[in-house]
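Okay, got some structures for you below.
Both complexes below contain subunit A, partnered by subunit B and then by subunit C.
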Partner chain A sequence: MNDFYIILTASLVASSCALLGCFLILRRMAMVGDAISHAVLPGIVLAFLFSGSRDSVTMLLGAGLIGVFTTFLIEFFHKKAKLQTDAAIGVTFTWLFAVGVVLISIFAGKVDLDQDCVLYGEIAYVPLDLIISPSGTNLGPKAIYVMGIVLVLIIVFIVAGYKELFLTTFDPAYASAIGISTSLWHYLLMSAVSVTTVSSFESVGAILVVALLIAPAATAYLLTDNFKWMLVLACAAGILASLSGYYLAVWLDGSIAGAIAALSGIIFALAMVFSPTHGLFFKKLRQVAH
Partner chain B sequence: MAPDTNVPALEVHDLTVAFDRKPVLWNIDLVIPQGKIVGIIGPNGAGKSTLIKAVMGILPLSSGYTKLFDLPLNDVRGRISYVPQRESVDWDFPASVMDVVLMGRYSKLGLFKRPRKADRDAALDCLRKVGMEAFANRQISQLSGGQQQRTFLARALAQQADVYFMDEPFAGVDAATEKTIITLLRTMAQSGKTVIVVHHDLQSVTNYFDWVIMLNTRLIASGPTQETFTQDNLQETYGGKLTLLADVGDLIRRESFPQREKKL
Partner chain C sequence: MNSLAEFFSFADPNIRYVVVGSVLLTASSAIVGTFTFLNKRSLIGDAIAHAVLPGICLGFIVAGTKNPLVLIIGAFITGWLSLIAVDFITRKTRIKEDTAIGLILSVFFGIGILMLTVIQKSGNASQSGLDHFLFGKAAALVGSDLYAFLIVAVILLVVVYILFKEFALMAFDKAYAKSIGYPVRTLELILTSLIVLAVVIGIQAVGVVLMAAILITPAAAARFWTDRIVVMVLLASAFGAFSGLAGAYISFVAPAMPTGPWIVIVISTIAFVSFFLAPKRGVLYRLVRQNNIRQTINNENVLKVMYQLGEENKNFFIPRHLDEIIRRRKYEKRALQSILRRLLHQGYVEQTGNLWSLTEEGKKKAQRVVKIHRLWELYLTTYMKIAPDHVHEDAETIEHLLTPELEAELEKQLGYAKLDPHQTKIPYQHE
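Showing the complex of A and B:
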C-alpha cells in the first residue's frame, strides 16, 4: 500500500506541474517557474514561523504571495531598471532563496524544517503523515488529499480559462487589443505555479519540482502539434516518470524524488530521439529514404 | 447601436507617446472618416506601429486621447480588430489554422464559454474569404509567410469588427496574397468598414489607399491620398529632417532634467 501511496502522490505532483509547465514553456517562461520554486522558500519559512505548524493553508497563502511578488519583482527590474529578463530572474530568485536559507539556519532549532527536506523533499515519508478520522479509521496520507485538491483546482483553472490562457500565450498583443487583460492572466498563472510549487515541495523539494515543471511539458512539446494533446501527453510523461522513477529508486535503494526527476529527463531524451514528428531518429530515417 | 456613418471612425487628439521620456509620437491630431482604406506611412522608427498600438490601448499614452466612433476606447472594444505583425508570434506554437481563426470569436464569446459550431462555421467562412479553407486543419508551423498573413486576416475578419488595424500586412508576402488582401480590403471598405494599415512600400500607396497618414514622430499630413501624397509632404516625411527632429528630442529631454544642466 505504501508503494501505491508514494506513486499516487508523485503522479499528482507531476500532473499538476506538467499542466502548468506547458504554458510556461510556450510563454518562454520556463526559468520563471524555476525562479518561483526557489523564491517561495522564505514564504514557506515565514508562514511556518507565524503559524507554528505545517498547516498547509497558511503555507500555501504565504508562499503563494511570495511567488506572485517574485514575478512582480522580475517584471519591475526588467521594465523599470531596464535589466535583461534573465538577469532580472537571476537576481530576484537567488536573493529570495538566500533569505530563505538564512531564515532556516537561524530558526533551525525552533522549527521542524531542515534544508535537505526543503531542497530535495522526502516523498518516502508521505505514507507516514496520515489522516485519521475521529472514529479511528485510516483515511490515507494527507499529501494525497492536498495534491489531489491542487490538481483539481488547476484543472478547473485551465478548463475555465482555456481560451484566455491560450490566447494570451500565443499572441498577447492581439489579446490586449480585443480587451483581454494579459497581466491578469499572467498573474493568475503565476499564482497557480506558486501554489503548486509550495504544495509539491514537501514531497519532491524545491529543486526537483523544476524538473517536473519543465521536462514533461518539453517532452510533450516534441510529441504533438496540438495544444490539448500537449497537456494530456505532459501529464502522461509525468506519471510515467513517477512510476518508473519509484521502482528505479527501490531497485537502487536511492532517493525516490531524485530518480523521478532523472527519469523525466530520460523520457525527454527518448522523445527527442524517437518523436515521430521532431525526433532525430525519424528525421535521419527520412533523409536516408530520400 | 446603428452605426452612424457621419461620425468619424477615429479621432486622435494631442497624442504623445514616449519611451523613457524620448517621444516616439509627438502631438498627433487627426480624424479619419468611416469606410476608408487608410495607409500609415513614414520611415523606420517614425512611430507607425506605435500609433496603432496606442490607439488600441496596447501602449500607454503620455498625453492626449483617442475616440472611436465618438466613444472612448473601452466602449467600442468589440468593434475593433487588429492584425499584428506576422513576426510578433511564435509560428511553432502547437495550434492549427482553425485554432488561430477561432481566436477572433473569443471576444464575442466571453469568459468560460467554448466556441460552438456557429463559431466554427463563421471561422471557416472567413478562411474561405482569404482562400485558406483547405488549410483549416493545417499546423501553423507548416504555413508559408503569405498563408500566415492570410490566417491572421481571417482571424480579424472572424471578429466582425468595424475598424481594422493592420501592422504591415503586405510585408514579405507573395504577389497572390498581396492581391487577395487588397481585394479583400476594398470589399471591406465598400461595406463601410474602416481599415487602417501600416505600410512600407511607397510605390503602391496611390494604388491601395483612399487616405494617407504621413508620420515621422510628429504628424506631417493626414488626408485623401490625391491631395496629401505630394512631393512636398514626402520630402518632409522622409527628407533630411531626421537629424533635426532628433535634436528637438534631445532638447526636450534636457529641459525635463534641469538639475543635470546645473551640474554641468
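Showing the complex of A and C:
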C-alpha cells in the first residue's frame, strides 16, 4: 500500500508540474520556473512562522505572492535597471534562496524544515502522515489529498483560461489586440507555478519540482505538434517517470526524488532519439532515404 | 567592537582558514564570473554547479575516499558533460536553450542526489562530509582545504591574466575575434574549464544552489559602475572578496549563522545598491535624468508657444493668459501653471497678476528652439527629400536635443536660410 501511496503522490505532483511546464517551456520561461521553485523558500519559512504548520491556506497564499514577487523582481531588474535577463534571474533567485536558508537558521527551533528537505524532499515519508477520520478509519496520506486538490485546481485553471493561456503563449500580440491582458495571465501562471511548487515541496523538494516542470513538457514537445496532445503526453511522461523512478530508487535503495528526476531525463533522451516526428534517429533515417 | 578586533587580529587559525578560504573562493569566482556574465551565460554557471554533483559522487565511488583530486576530476567530467548536453540538445532538437539548461540541471542533480543517497547508505564511513558539496561548509574550512583552493585560485588568476585580452574581445565581439584569427573554439573551451574549476571549489563554500550567485552577482553589480572591462573585473573581485569577508565575519559573530548564504546576501545587497544608486546606469539616476529631460521639454515647449503667439502679434512681450497658451498647445491648467512657475524661477518669464510674459532671456531661449525646429524641417526636406508635411513630428523632438555645435553646423550647411519649408521666417539671434 505504501508503494501505491508514494507513486500516486509523485504522479499527482508530476501531472500538475507537467501541465504548467508545457506553458513555461513554450513561453521560454523554463528558468523562471526554476527560479520560482527556489525563491519560494523564504515564503515557506515565513508562512510556517505565522501559521505554525506546513499545509495551510496561509502558506499557499504566501507562496503565490512570493512567486509573483519573484517574477516582478526579475522583470523590474530587466526592464528598469536594464540588467540582462539571465543575470536578473540568477541574482533574484539566489538572493531569495539565501534569505530562506538564513531564516531557517534563525528560527531553527521553531521551523520544522531543514536544507536537505528543501532540496530533495522526503517522499518516502508520505505514507506516515495519514488522515484518520474521527471514527478511526484510515483515509490515506494527507499529501495525496493536498496534491489531488492542487492538480484539480491546476486543471480547472487551464480549462477555464485555456483560450487566454493559449493565445498569450503563442501569439501575445494578437492576444493583446483582442483585449486579453498578457501580463495578467503571465502573473496568474506564475502564481500557479508557485502554488504547485510550495505544495509539492514537502514531498518532493525543489529540485524534483524543477525536473518535473521541465523534463516531461520538453519530452512531449518532441512528440507532438498539437498543444492539447502535448499537455496529455507531458502528464503521461511525468507519471511514467514517477512510476519507474520509484522502482529504481527501491532497487538501489536511494532517494526517490533523485531517481524520478533521473528517469524523467532518460525518458526525455529516449524521446529525443526515437520520437517519430522530431527524433534524431528518424530524422537521420529520412535523410539517408533521400 | 570587541568581536571585530578579535576577528581581524586573525589570531585564531580557524578564523584565518575561513576568511582566507572564503575570500579566495569569492574573489576568484567573481573574476571568472565576469566573463560568464558578459557572454550572457549566467545560468550556465547554475547548470554546472548542479551537474558537478554526480561527478563528485562518481569520483568518490571510484576512489573510495574523499581524495580531493579525484573528486575534482569527477566533477570536471560531469560539469563538462552537462555543457555538452545542453549544447547538443539546443543544436539538434527544437528545444530552446533555457529549457535545455533547466532540464540538464535538474536531471544531473537528480542523478547526483540518487548516487549520494546510495553512497550514504553503503556503509562506507569516509563518505560523511560529501554533502558539504550540496550546502557548502565555509565555516568548517581546514588547512588542507585551503591548499586546494589556493592552487585553483592561482590557476584561475594566471589563466585569466594571460588570456585577458582574448576573453575580453570574445565577450564583446565573437565574430570579430574569429575573423582576426583567434582560436575562438579553444578559448571558449578554456573559459568553460575555468568556470567548471571555479564551480567545483566554490560549491564547497556556498553549496550548489548559491554557486550561481558568487559567480555572477559580483559581475552584475560591477557592470553598473563602469564601462571598462579591466575595472569591472577588479571591482567584481573586490565585491566578491568583501562579501566573503563579511560572510565569514557574520558567522563568526553568530556561530549559528551559515556562512554561504550570508556571503550571498551581502553580495546581493551590494548588487541591489548598485542597481539603484550607481551613477549613469542606476535606476534612480535614470529616473532623475528622465524627469530632467521631461522638464526641459515642457519648459521649452511652453516658451515656444509664447514665442509663436508673439510672432502673430509682432510683439513678443505681451502678457498672456493661460487659456491663450492652452488654445495653441493642450495642457492641464495645473501642469501649465507649475511649468510657468518653474520658468519664472529660472528667469525666463514674468508674472503680472494672472498674466504671463516672456523676459528678454526667455525670448532668446524660445527663439533658439523655434529656429532649430524650422532649420531641421528645412534640412529634412532639402537633404533627406522628405515631404514638407511629414517633417514636423521629427523636428518637435530634435529641437530639444540639438547641441550648440550641431546647431552652428546646421546653420552653415543650410546657408543661413531665411525661410523654412512652410515659408515661415527662420528667426536668427542677431536680428
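The working rule: the second predicted complex is superposed on the first by the 289 of 290 C-alpha atoms of A that agree within 3 Å, B and C clash if a C-alpha of one lies under 4 Å from a C-alpha of the other, contacts with A are read in each partner's own complex, and residues count from 1 in each chain.
Here is the rule we use: a residue touches a chain if its C-beta (ideal position, glycine included) is under 8 Å from a C-beta of that chain, and two chains touch if they have at least 3 such contacts.
Please read all numbers here as calculations on a predicted model, not as lab measurements.
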Exercise. So, on subunit A, is it clash or fit between subunit B and subunit C?
Worked result: clash
For this session: Could you say whether A:Y221 touches subunit B, subunit C, both of them, or neither, answering first, second, both or neither?
Result: both
For this session: Tell me which partner A:Y174 touches in the superposition: subunit B (first), subunit C (second), both or neither.
Result: first
For this session: State whether A:Q84 touches subunit B only (first), subunit C only (second), both chains, or neither.
Result: second
Exercise. More residues of subunit A in touch with subunit C or with subunit B?
Worked result: C
Exercise. Looking at the overlay, what does A:L165 touch: subunit B (first), subunit C (second), both, or neither?
Worked result: neither
For this session: With the two complexes superposed on chain A, say which partner A:A39 touches: subunit B (first), subunit C (second), both, or neither.
Result: neither
Exercise. Which partner does A:V68 contact after superposing on A: first (subunit B), second (subunit C), both, neither?
Worked result: neither
For this session: Identify the partner contact of A:V146: answer first if only subunit B is touched, second if only subunit C is, both if each is, neither if none is.
Result: neither
Exercise. Once the shared chain is lined up, is A:V193 touching subunit B (first), subunit C (second), both, or neither of them?
Worked result: neither
For this session: Have a look at 166-174, 328-336, 382-390 or 418-426 and say which bit of subunit C overlaps subunit B after the superposition.
Result: 382-390
Problem set entry | Intersection of the subunit A residues that touch subunit B with those that touch subunit C | 221
For this session: Over in the complex, which subunit B residues touch subunit A? Could you list them?
Result: 53, 56-58, 74, 77-78, 80-82, 84, 88-90, 93-96, 99-100, 103, 106-107, 109, 111-115, 139, 141, 155, 159, 165
Problem set entry | Residues of subunit A defined as touching subunit C within the complex | 25, 28-31, 33-34, 38, 77, 80-84, 86-87, 89-91, 94-95, 97-99, 101-102, 105-106, 108, 115-116, 119-120, 206-208, 210-211, 213-215, 218, 221-222, 248-249, 252-255, 257-262, 264-265, 268, 272, 278, 280
Problem set entry | In the complex, subunit C residues that touch subunit A | 37, 40-43, 45-46, 50, 89, 92-96, 98-118, 121, 131, 134-135, 208-210, 212-213, 216-217, 219-220, 223-224, 256-258, 260-262, 264-265, 268, 271, 275-276, 281-283, 286
For this session: Under the touch definition given earlier, write down the residues of subunit A that touch subunit B in their complex.
Result: 26, 160-164, 166-167, 169-171, 173-174, 176-180, 221, 224-227, 229-230
